[in-house]
Amino acid sequence: MFSITVRDHVMIAHSFRGEVFGPAQRLHGATYVVDARFTRPELDADNIVVDIGLATVQLHEVLDELNYRNLDDVPAFAGINTSTEYLAKHIADQLADRVHQGALGEGARGLAGIEVTLQESHVAWAGYTRSL
Amino acid sequence: MFSITVRDHVMIAHSFRGEVFGPAQRLHGATYVVDARFTRPELDADNIVVDIGLATVQLHEVLDELNYRNLDDVPAFAGINTSTEYLAKHIADQLADRVHQGALGEGARGLAGIEVTLQESHVAWAGYTRSL
Amino acid sequence: MFSITVRDHVMIAHSFRGEVFGPAQRLHGATYVVDARFTRPELDADNIVVDIGLATVQLHEVLDELNYRNLDDVPAFAGINTSTEYLAKHIADQLADRVHQGALGEGARGLAGIEVTLQESHVAWAGYTRSL
Amino acid sequence: MFSITVRDHVMIAHSFRGEVFGPAQRLHGATYVVDARFTRPELDADNIVVDIGLATVQLHEVLDELNYRNLDDVPAFAGINTSTEYLAKHIADQLADRVHQGALGEGARGLAGIEVTLQESHVAWAGYTRSL
Amino acid sequence: MFSITVRDHVMIAHSFRGEVFGPAQRLHGATYVVDARFTRPELDADNIVVDIGLATVQLHEVLDELNYRNLDDVPAFAGINTSTEYLAKHIADQLADRVHQGALGEGARGLAGIEVTLQESHVAWAGYTRSL
Amino acid sequence: MFSITVRDHVMIAHSFRGEVFGPAQRLHGATYVVDARFTRPELDADNIVVDIGLATVQLHEVLDELNYRNLDDVPAFAGINTSTEYLAKHIADQLADRVHQGALGEGARGLAGIEVTLQESHVAWAGYTRSL
């Protein structure tokens, strides 16, 4: 199995509901360093997994919808704890939609899966893996 | 599949038996930067994999039993080569016991697996993955 | 010149005023990975720059006053752009006060300077250096 | 499942053919930081996955055949786009051959798989995973 | 003294002349992860060292002139060993020119110095520091 | 001012004397990831700070005298707390001797200074800077 991964980041504010979150129930924020990994069993005609330039642009566009925002005010996240692991799935699903729409190129239709990892600090990160 | 990972470290002395280890047969030591990764297929009621605070505390407690010790003198490791890969399994198994005992919270009973990685330098690391 | 550095992190929300900040004028957030570096020309009687345990605890206490907060609501920062470089100075000054109060130990009175670096992402960081 | 990983690097020149590569169609170059990960279900008689010293030497030898070269002039790569993902497979296959030839020790015959990851920058990397 | 640093990268081919370079006399290549650090004694009216957005754009433009090129064919480098340390100075000087031309904003005229670091691998980097 | 830095590592056991060290008074160990930085005001005739190959070899030889050892048993360290900052100076001084003896090449006589940094974990490091 082959893979390529591209990295970008996003800076957001949010708060959590639930005692388990302790002081993170207060409005605070995070930088997420985001890695999007694309897998496929065989390389395409250009000998690549996916156009790394397109992958970088598409990841950036997906993150742009979150960047410099208070997620508590984003309608799509109303009533939802926007935990790191939840956001990993949100981003992976957005990327999957874009793959299916052809935004990562025709060759990207051969992709097998996506893994998104969000590093929230030097000591904690979360991820979500899905097939395509 | 979702995952969260927390990082801590431990500083130990030990020696190895066996020609394959060369100069590492002498008493020496290591800092292991330890990553504990917890996986589960669905998020819990709080929208998380596991309470990252509890995971951090439990990992720290497991490492505390090893920290600032000469492993050659620890009865549990008598006659055992405490290689990086062996220690990864030791720590993963200790964490699994704690999950089963409820120390990572009731929600943690939905965890599917644990992966522990020990970075022994900037050029070498070892890991162990198990189900729960 | 000798130095020791300890690392911790803090997760905050804030917003900026001024056109130069573009979309960062909106309420957003950041994880700052914080490095506090202490320098001195000669080691103390224990052959160290400063007790690394005390340095870690004091840095953590300074960060605790910021952690999981919206800096826009913190009275000490009223009307101030809490830029990464500004926060580096704020943290360095708080640490300097603690050195002068003896919180890092009597030996720490021999410290020459402090440098604080805040990494806001994998592609940007800021710092502040001062003498003691 | 157990694993150990060793890291080395290689510095090469090459160019790509195909519009998808944009300016990378020009002769340019890359440093690849290469991670070779070896997996096995049970440890060997020495309590290790594979001799980390031998693994390091064998990876270095495989990379030496590429290091400080223009891959466009290497006969084995004639007419081939030497993408990061392609090179990951090339290196993994070379290491697999060496495992089968006994170059990583008799114990290495118990290895289950190899994963090779090539980091081409701080924001992009590629990998290839295969069984043995 | 305050500082901010931004990171980008560039991928080039080149060769060296001189026995000291050994196999690096052959045409090969490198990824340089480039950190540009700007210093100043006091923050500007916006409470920053320099507009991090402008700094990022200007560094990217400077690197764009080198990116995906064989430096042996660039007229500006004719007869010059484009060592990592030499390139660090080249980039720092280009950035200094842009500061003096106002490309980093009027406030950037208060900058005191620039340091450019080029990481050529996980085990080697070079830098150049100059005043403005 | 120009600089180049090379990285290597060493794995040792040791113990400390003094209440300030707490549990580190017990025999334990550490991996130190060691960065040796060489500075000079002007590049040499080959357009470099120092031969990076020679610098790497010399650093490796200096570390080899410490590697896989219990520093408590090394006569040169008898009665000395081998703290991270102390070892940084020890290594810097050894490298300085080698520069003066010509082991880094004739051109290295133009070097201005050495900085050695020892990373003992992902959250703590120490350094020593000296002139030549």
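A, B, C, D, E and F are the chain letters, set down in written order, and residue numbers restart from 1 in every chain.
Please note the rule applied: contacts are C-beta pairs under 8 Å (C-beta built on N, C-alpha and C of every residue); 3 or more make two chains touch, one makes a residue touch a chain.
This structure is a prediction, so every number in the text was calculated from the model and none was measured.
Counting only chains that touch, the fewest steps needed to get from chain A to chain E is 2. Chain centres computed from CA atoms place C at the largest separation from chain D. Shared numbers divided by all numbers used gives the overlap of an interface; between chain E and chain F this overlap falls below half, so the copies present different residues. If you match contact pairs by residue number, over half of those in C-E turn up again in just one of D-E, B-F or A-D, and that pair is A-D. Averaged C-alpha coordinates put the centre of chain B at 27 Å from the centre of chain D.
If you average the CA atoms of chain D and of chain F, the two centres end up 31 Å from each other. Taking the mean of the C-alpha atoms as each chain's centre, chain C and chain D sit 41 Å apart.
Residues of chain B in contact with at least two other chains: 7, 122-123. Touching chain B in their complex are the following residues of chain A: 18, 20-22, 80-81, 83-86, 88-89, 122-129.
Those residues of chain D lying in contact with chain E across their complex are 7, 9, 11-14, 23-24, 26-33, 67-70, 120-123. Looking at the complex, you find that chain F touches chain E at residues 1-8, 43, 46-49, 51-53, 56, 105.
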